[in-house]
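This report refers to the structure that appears directly beneath it.
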Amino acid sequence: MNANVITDAMNKDFVLAVEGLTVSFDGFKAVNDLSFYVDENEIRVIIGPNGAGKTTVLDLICGRTKATAGSIRFKDRELTRMKEHEIVRAGVGRKFQNPSIYEDLTVFENLEISYPKGRTVMGALTFRRDGPVKERVQEVAETIFLADQLDQRAEYLSHGQKQWLEIGMLLIQDPELLMLDEPVAGMSVSERKKTAELLNRIIKDRSVIVIEHDMKFVEDIAHKVTVLHQGRILSEGPMAKVQADPKVVEVYLGH
Amino acid sequence: MSTHQDGSDKFSATRRRLLKGLAALPAAPLLSSTALFPSRAFAQAPATSAVNTTGLAVTDTDVTVGILHSVTGTMAISETGSVQAEKLAIDQINAMGGVLGRKIKFVQEDGASDWPNFAEKAKKLLVNDKCAAVFGCWTSASRKAVLPVFEQYNGMLYYPTFYEGLEQSKNVIYTGQEATQQIIAGLDWVQREKGAKSFYLLGSDYIWPRTSNKIARKHIENFMKGSKVVGEEYFPLGHTQFNSVINKIKLTKPDVIYAIIVGGSNVAFYKQLKAAGIDLSKQTLLTISVTEDEIDGIGGDNIAGAYSCMKYFQSLDNPNNKDFVAAFKKMWGEKTVIGDVTQAAYLGPWLWKLTVEKAGSFDIDKIAEASAGIEFPKAPEGYVKIHPNHHLWSKTRVGQAQLDGQFKVVFETPDLIEPNPFPKGYQ
Amino acid sequence: MFSDYSLAELSSIFLMQGFAGLILFSVFVLMALGLAIIFGQMGVINMAHGEFMILGAYVTYFTSQFFLNHLPSLFGIYFFVAMILAFLASGALGMATEWLMIRHLYKRPLDTLLATWGLSLILQQVYRSVFGPREVGVELPGWMMGSLPVTDVVEVQINGLFVMGLTIAITVAVALLMYRSSWGKQVRAVVQNRVMAGAVGINTEKVDRYTFGLGCGIAGVAGSAFTMIGSTGPTSGQLYIVDTFLVVVFGGAQSLLGTIASAFTISQAQSTLEFFLSGSMAKVLTLIGVVVILMLRPQGLFVIKVRR
Amino acid sequence: MTTQAPTSGRSFFLRPQDMIGIALLALLLLVVLPLALDNFRLQFVGKYLTYAFVALGLVLCWGYAGILSLGQGVFFGLGGYCMAMYLKLEASSVENTRIQSTPGIPDFMDWNQITALPWFWEPFRHFGFTTLAVVAVPALFALILGFALFKRRVGGVYFAIITQALAAIMTILIVGQQGYTGGINGITDLRTLHGWDIRTDGAKTVLYFVCVGLLLACILLAYYVKSSKLGRLLVAMRDKEDRVRFSGYDVSSFKVFVFCLSAALSGIGGAMFTLQVGFMSPSFVGIVPSIEMVIYTAVGGRLSILGAIYGTLLVNWAKTSFSESFPELWLLGLGGLFIAVVLAFPNGIAGLWQVHVAPRLGPLFGGPARRAASPAVAEPLPVATPAVAE
């Protein structure tokens, strides 16, 4: 799968437009004047050595970290001034690096909480577990291979299953932009295969930003790759182009 | 209490409405209760059925009373002495044959420095243990908390602490001084002896210091010609930083520092006063809150020279007191000191014994009535007498703190001062 | 309210108030240092901190009694001996506490709060049973009493100066220990990444125990210094706990400099307010001010912004 | 479809074992204790139960949401003072206070030279307003506080310390403003409610049953909240706050809600306390009672609604009987209890019940069948939430 979407900065169809994004921690610029654009239905993979600022970029987009300068526009809405939950409600979903699920709750309840209804205090108090909710949970559970574990407490799941559960929790929100931070890290070979299959299924009809180290996996899914180094973009483009870039070879693929 | 005896009790008619217990009194209280059991009243050991008609814990051989003080918590420091004094008095009374031929047994409860807990324990002592009398409480707050309990279950409380007044109950005998008794004589003395014109009032922030300072201020402004208050200030209980107020005192240079600081704050206050170079032999300081107990913590060298105004000092030179001090030290150790409240607590069991014997009964109503006019000539502080308003007639003394932690008595009112818990002109 | 005073008087007021504030500042720093180490570096909330201080105060009292009765000629220097003993006694109790209780709770900071509160109740009762319920006062050697006149009105109290000097000495020692010594490096390594520190050969258990012991030991010295200004009773420690925690939290828990700055801010605010208002209201306003600022800036005055 | 009973069949918010538990508690409080205890001891139980309201709030707030408030005494006190103000005004009729320089105002105001009723006392002449205020004043206070703190993501240890400071402030303030509050003595000598003398034994028995009734209603409310999606969200937040936030929830508003709810519950407890005990004083507002209330919850089991009630009863019963027989040992016992509960039994009585007793009683009593179902009592202890998230 190579780049079938060629974009340029003038195109207005971007789902996400990041421009001049900078964040500094006590003077250290973890992300420095970063600009990139993600198209509708595009799968973008961000790679880079440790400390390049990959996770920080995701943190900035979903509002976990506040930008020092620059703008992030999602479907022409400025995200930098919105609260995390507002960003989520606008249609941005985020999976964390380590599986972030509710260990004390069952798989069903994990998914139910992510179901985009009853999100206010009163809504949550009066929320009813009705037919559509159960159907949707069941549907998602089947997608993530956990249909027969619905009543299991999440803490008893395997590491891979926990990753799937978190992906399922995003899926049930049906976000337009999905951000995944190392979705296959720490998985066995068979789990990894299943996950790739799962990702391929769920990334249809939405834009996706993935951080990943596994080059095989990246090659499989990426439409376009962005290489970050010391908070700046080192190279950007289709996988083949990036792999051929001598700068990239030097800092990243070289060792 | 009585509404009928002497004319000086001007407020009794209205006061009666304040106190629900009074409503229950028979219309003609002067018909002494002893009249009902005339023959047995002063017999050596009258029948229990005769002296105990309300089901108190009185048997043919003994009678149960309660002791209710804090032995844990912040107030344990202050209340320990009262417990010791009450136990001493009970021992002595038992050694003399008890009350109406009955030995006194006591149930001790811990108020734990927690006012609601006092109420709970008071209820237990009255309802469960049927105590014929309770000796206890120290702080005003604990007394306020137990007062409704004593009124509801008709118990008798002997309360030892000097306090702010503004209270009177059929069910309480106040063996300490109320505020006017303690304050006015001291202020008059300091004006007379020291020519004091300006006063700086200090206190811990709660009702007794505030009410006392209010009375002091009224007295200074209305009754002492040419005198004025130059400052008045309160600190949270347990406060330990007095440098700011000491600076203010240095600037305003009052003739008298009038301090009503209590508990641990005292120690910090006097230490910092001394460290700041205020010499109490030159700067007059008058307090109503420092007894020998407090000096124990403050240290004699930190407070030497200050004047304290109350009704009792351990150093009082009279035969009663010599016996009392000796007995107290024999029972509780040579190193113990005896403060004003400790002595007042000692009066409680004795006054109760005398009242029971006068009434010829343990019944609370009869004791409440018989209390007025009870005299106790053997009191360590000298002669005392219960006023119809259930407070004590007593002398007020001024003592000067010495290096050894004792007071040297420098002044004593010639006559007993009448207790006046609802003073006109001081409201 | 200034109309009553002349200009000269006013300036001396402010001088003396400033000095009073400095004493309060020293007291706060002494109280908070031990807690800043324990809470800031280890994340443990030690509600029994006040009781560790009071142990130091009792040690000081008994040392003074011992010198008074057995070595009256050396009474002038007993205070230094007492401080060392106080440090050792509180430190040893602290290490025992860490070993018996705290080490099981490193992952549950809120539970350390409850457990140490329980410990504080027990210690209070033990003090009461062993040392008696009455407050005790320590007699100070003559040279510590009185004050040095600066001008006619302005005087400087010697024991205040002593407390300040002591505070500076201890602060410098702690700063050197934490930021210059290899031990300090180990402590910080353990704080930042316990597993990693263990992996590189640091004995994390030992570091924890000594750190806790050090914090408690400093509390003991603070208690010793407190005997100069306050009294010692079984429950005296309770009086300080809220103030101390606020100082540490207000400063930003991890920063020694923050603790000092916050102690300075709070003490100056309180002593200035005390001059214009009554003691109670000054206290209330200071506390409310601190709480409001903490609401606006929950991370405290000084905190390093870190990436997560 | 593989969906099983627990996920599909929970149409009612109480599970069978919950209903049995509540019924047993009701039986104990409404029938067994009144029959077994004399009036005097029953009134103690009534008093203890007022603390149970606070413990109930703490289960939701601390156990479920992980918010440890060390200032619950403030809310208990606010509720209690609201009620005390109403009762005091009724007791301070012109007729009753003729002796004062200003008749018709509470006695402590008169002692402090206040000559007119302060404006904020005025509305407390009305019983309706007072009833509302008992719940609303603590809740409003919690709302302001919670809004300020949770919106800025103050949590965990910092929240605990700030609430503790508030308890200290409140005490100093009440004691210092004695003209308006009765100072350290509190508001005492309360007599009648609508002319009905609340001091008699008969009245106290009636109040006991009212208290139990309210408590049972509050328990039902707590169960409802717990079993709603909001209850599961609280557990989720305690566990992974960020995940909840990135599922599109405004985490702070949920925390504010549960904090307000616990404050309101405490307020009801305080009002019932005032009615039954007959006075209110700052000694319930301070740091010590606030922490003691936390220990009731911890002993009962911080995750168990019914456990908190039993914990409260047990600790208080122990306190009363211990301090009757060995006053000196009581603090040692209480301190030891704190440490033991934290170190050895972090889930309290409910945890012990869950592990040792329930399995033998079968699924109806919450035995093994419930293990996989929902956050019940035997959960692993929550790791504290991060203190300050930036």
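To keep things simple, chains are lettered A, B, C and D as they appear, and every chain counts its residues starting from 1.
The definition used in the following text is that a residue touches a chain if its C-beta (ideal position, glycine included) is under 8 Å from a C-beta of that chain, and two chains touch if they have at least 3 such contacts.
Every value quoted in this text rests on a predicted model; they were computed, and no experiment measured them.
Enquirer: Specify the chain with the shortest distance from its C-alpha centroid to the centroid of every protein C-alpha atom present.
Expert: D
Enquirer: Which chain has its C-alpha centroid farthest away from the centroid of chain A?
Expert: Computed centres place B farthest from chain A.
Enquirer: Indicate the whole-number Å distance between the mean C-alpha point of chain A and the mean C-alpha point of chain C.
Expert: Chain A and chain C have C-alpha centres separated by 48 Å.
Enquirer: Could you please state the distance in Å, as a whole number, between where the Cα atoms of chain B are centred and where those of chain C are centred?
Expert: Each chain reduced to its C-alpha mean, chain B and chain C end up 38 Å apart.
Enquirer: Please tell me the distance, in whole Å, between the geometric centres of chain A and chain D computed from their C-alpha atoms.
Expert: 43
Enquirer: Take the average of all CA coordinates in chain C, do the same for chain D, and state the distance between these two points in whole angstrom.
Expert: 33
Enquirer: Which parts of chain C, given as residue numbers and ranges, touch two or more other chains?
Expert: Where chain C meets two or more other chains at a single residue, that happens at 125, 128, 238, 278, 280, 283, 305, 308.
Enquirer: Of all the residues in chain B, which ones touch at least 2 other chains?
Expert: In chain B, residues 71-72, 205, 234, 236 touch at least two other chains, as defined above.
Enquirer: Mind pulling the chain A residues that touch 2 or more other chains?
Expert: 64
Enquirer: How about chain C: which of its residues touch chain D in the complex?
Expert: 43, 45, 101, 104-105, 107-111, 113-115, 117-126, 128-129, 238, 241-242, 245-246, 249, 278, 280-281, 283-284, 287-288, 290-291, 294-296, 298-299, 305, 308
Enquirer: For the complex, give me every residue of chain D touching chain A.
Expert: Per the touch definition, chain D meets chain A at residues 1-4, 6-8, 10, 225, 228-230, 232-233, 235-236, 238-240, 242-251, 253-254, 257, 372-375, 379-380, 382.
Enquirer: Would you mind writing out the residues of chain D in touch with chain B in their complex?
Expert: Its residues touching chain B are 40, 43-44, 47, 95-99, 101, 107-108, 110-113, 172, 175-176, 178, 183-186, 188-189, 191, 199, 277-279, 281, 283-284, 320, 323-324, 327-328, 330-331.
Enquirer: Can you list the residues on chain C that touch chain B in the complex?
Expert: 5, 9, 12-13, 16-17, 19-20, 23-24, 27, 125, 128, 133-139, 145-147, 149, 153, 155, 157-160, 228-231, 233-236, 238-239, 270-271, 274-275, 278-280, 282-283
Enquirer: Hey, which residues of chain A end up touching chain D in the complex?
Expert: Its residues touching chain D are 62, 64, 83-85, 88-89, 93-94, 96, 100-106, 108-110, 112-114, 116, 118-121, 124-127, 129, 134, 138, 147-148, 150-153, 155, 166, 169, 173.
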